[in-house]
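Two complexes are shown next, each including chain A; its partner changes from chain B in the first to chain C in the second.
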Partner chain A sequence: MPILSVTHLSLTLNSQQILKNVTFSVEQGEVIGLIGPNGSGKTTLFNVLSGFLKPTSGVMHFRDADITSVSPAQRARLGIGRVFQNFGIFREMTLEENVLVALEALPKEQRMLLGSIKDAVKGTLDMVGLSHHAKKKAGSLSGGQMRLLEIARTLKSGKELFLLDEPTAGVSPKMTRQVADLIGELKKEGKTVLIIEHDLPFISQICDRVLVLDVGEVVLSGAPREIKHDKKLQEIYFGADAAPY
Partner chain B sequence: MQLIVNGLIAGSLAALMAGGLALVYGVLGIFNLALGQLALIGGYGTWWLHASGIPLFPSLIGGMAIGAIFTWLTFEIAVAPFYRRDARIPLVTTIAWSMILDAAILLTLEERPRSILPGGKHFLPFDAVRISVEQIVLIGCTLIFVCVVAWVLHSTPFGRKIRATVQHPDAARSLGISSSLLHRIVFIVSGVLAACGGIYIGIDQNLTPTLAFPVTIKAYAALIAGGKDNFWGTILAAYIIAMLEQLAVGTPWWFGNYVSAGYQSIVALLFIIVVLLIKPTGLFSHRARAA
Partner chain C sequence: MPRFYNLPEMPFFFHLITVIAIALPAQLGYTFVFGRGKILHFGPIGVSTVAAYGTFLTLNATGSFLLGLCAGVLMALAFSLLFAWLSFRLDSDGLGIMSIAVYLALFAVVLNWTSLTRGALGLPRIPRVPFADSAMSFALLTTGACVLWTLFFLWLDRTKLARQVSALAEGEWHAKALGISRAGAHIAAFVILGLTLASDNFFYAQYYHLLHPSDYYFPAFVSLLMITVAGKPGSTPGAIIATILLSLLKEGLRFLPFPSAVLGPLRLMLFGIILLAAVWIQRDTLFPKKRTI
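Up next is the complex of A and B:
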């Protein structure tokens, strides 16, 4: 059974159809890239999947539960984690507090599994090499460090499905490698990842499968190797007369 | 010295009211314009219980509980059904609710001034400054309330959830922090702080049904000047406005003439205008609202 299945999902906002009949499913442990030009509806799809927008029609199932009308907080408690495009960190809180608040929001039974919360916080910051900044406000970090903090916080909060919205945007090449390593670790642990990216080589390197979105529709799906030279992908990104990249 | 003491007394009342507003604006992003009426309900509730023969301390707790119940009703009737559609709607619905409460207070309690402690205040025998034991207790209690709120905000899981929701509501929700329960709790806490403000008025001055509007305006002046979702900025602005008010009417401005006390409430409004012109995000705000 797929961990996530999306069936005939459509969304209309202000008389404009943003998502059209989107249908796909994701198996446990898959890393799936979601690509497409700006305005194709990628982040909107993430907003629908994480419960911030209610679809006009269609259904979504997480494992066997219908989550179409479930709130973002309930989806998080079911095991869906989100990393935001515009840094979902709490800038006026310290790094330690940023992790602590995520762990404290876990359902009680998951929190008990962590053992000492203090050690779990330290372990999370150690994972991305930020423990020496533990007492600093998160707003004082560089863009790349903020991104690592947010990813680490989400990864350690016991989620099963991760929605990562452009996790390497504004991140140095060194930190991009760190992000790729973190996603690799997740895959090893059998976690499922859906990732929006514009960096196609990065997507090819880490994803099992790629979904291509254009004007709110899934127009292509397949292994990165297969779709890389697909004419349709070239047309979407570079126009009908473009040479392959 | 007397001006400072008077400023502390008036500022403590404004701080109680405005602190709750800052929490509500930070977490829900809305204005509750029925706050003054909720303060009066808390004050009148305490007066009624105490006048019925119940000892002072249980009456105070009872007044806060009555304030909490009416605040919860305010949330369910005038806020919850509307604010998810548009955060600006409660601005109108809470005005309508405040008018209903105003009429109910007037019909039930008449315009006669009521004092929770009608026996008069116990002034301390100082020559330099006139202050009563009751006023010292009220200032002390305000500081204790503010410290308790600060401790909850900075040292408890619940406080961290509030701060996270203020700073990035979507990220907080995507971590599993339930906004609906948090919204209700924060709104009710603001109502309890307002009820304490009403009790403060009932002990320090007299309760009259027409006090709601001026009390609300002062609290909003502090909120806007302090930086809307900035709790500490709002508390500080409340004391600054109170001090300026005392300075405006307590200092001879020209040839030994004083400004009439009737103009005192203009200070808060002028303060809002000046702050909005100089620093629209508020005096103590150093960032845009993270949303």
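Up next is the complex of A and C:
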């Protein structure tokens, strides 16, 4: 059974159809890249999957539960984690509080599995080498450090499905490697990842499968090596006369 | 003997203590909701109105302070829940306007239901609790309550609820994506504010032996807002210091050689200027920059 299945999902906002009949499913442990030109509806699809936008039609199942009308907070408690494009870190809070607030929001049973919350917070900060900044305000971190902290926090909070929205945007090449390593760790642990990225070599390196979205529709799907020479991808992503990446 | 113990001046000292002790819990409650949570809630004065009338109409009818307090608490909780419900159905600006509208409606009922509230005449001869009839004992009672509330808020600042309220204020979607329920956090914050308002109003009318609607005009809310902003929004120690300093300033103005008809507007103007200066100084941090996805 797929961990996530999306069936005939459509969304219309202000009389404009943003998502059109989107259908796909994701198996447990898969890392799936979601690519497409700007305005193709990738982040909107994530907003629908995480419950911030209600679809006009269609259904979504997480494991065997229909989550179409479930609130964002409940989806998070069910095990869907989200890393935002614009940093989901609370800049006015310390690094320690940023991790603590995520772990405290877990359902009680999951919190119990973590053991000591204090140790779990320290472990999370250690994971990304930020434990010596624990008492600093998160706003003082660089963009890359914020990104790593956000991914580590989501990872540590026991989610099963991760929606990562451009996790390498504005991140140095060194930290991009660290992000890739963190995603690799998620895969090793059998977690499922849906990732929006514009960095196609990065996507090819880490993803099992790629979905290409254009004008709100899934137009291509397949393994990175299968689709990267597809003419349709070249057309919609790079323009008709572009060379393959 | 030090001047502090000069007996003729003691009543004013007790008055200062009492005024600060009555005001502080509600101030801390508002600092939690507006300062920390950035929830644009202008309704505390409305909750105060219904809590005060609930308390003292019940007291007049039954003669029981306990029943009066329970009625005040219930009224405060009911209207706090109403405001909490509005807060998760309206955005921040909408809540600000709606909370003023709800306050005006409540105040109109209090002023016009004269058979029950005596309208603009207010409720005179409000008794004090029997064991705290003197200035000193009343000051001790209110200070005791104030210390308990202060300890509660200092503890609250380090709790999960405080972190969740801060997270929701800074990035609502980001907080929800972690599993934080806005409804749960807002209900808890509004209920705590409601309880502090019930406590504040239980003592306030007893102290002056009078429950008068003029104490619940909207400008009375300005000092609550001003202290929250001046004391650094969301900071419990800041709110404590600002309450003490601004209460001393407010009471100190009594010694200026002006008639009371001049002192009232002067006080309001002064507080308006302080609010303006505090907002200007903290204009970048008063509300966090809203982030879009």
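Observations on the structure shown:
Criterion: the second predicted complex is superposed on the first by the 245 of 245 C-alpha atoms of A that agree within 3 Å, B and C clash if a C-alpha of one lies under 4 Å from a C-alpha of the other, contacts with A are read in each partner's own complex, and residues count from 1 in each chain.
Just so it is clear, a contact is a pair of C-beta atoms (placed from the backbone, for glycine too) under 8 Å apart; a residue touches a chain by one contact, two chains touch by 3 or more.
Just so it is clear, the structure is predicted and the values come from calculations on it, not from any experiment.
Placing chain B and chain C on a common chain A by superposition gives a clash between them. Legend: residue contacts after superposition of the two complexes on their common chain; A:84 is shown touching both chain B and chain C. Of the two partner chains, chain B and chain C are each touched by A:76. Look at A:92: by the touch rule set out above, it reaches both chain B and chain C.
Of the two partner chains, chain B and chain C are each touched by A:157. By the touch criterion stated above, A:31 is placed in contact with neither chain B nor chain C. Look at A:43: by the touch rule set out above, it reaches chain C but stays clear of chain B.
Judged by the touch definition given at the top, the superposed model places A:100 against both chain B and chain C.
Overlap of the chain B and chain C contact sets on chain A: residues 50-52, 71-74, 76-77, 81-82, 84, 88-93, 97, 100-102, 104-107, 157. Residues 160, 163-164, 166-167, 170-171, 173-182, 288, 291-293 of chain C touch chain A in their complex. For chain A in complex with chain B, the touching residues are 50-52, 71-77, 81-82, 84, 88-93, 97, 100-102, 104-107, 139, 150, 153, 157. For chain A in complex with chain C, the residues that touch the partner chain are 43, 47, 50-52, 71-74, 76-77, 81-82, 84-86, 88-93, 97, 100-102, 104-107, 157. Across the complex, chain A is touched by residues 157, 160-161, 163-164, 167-168, 170-180, 287, 290 of chain B.
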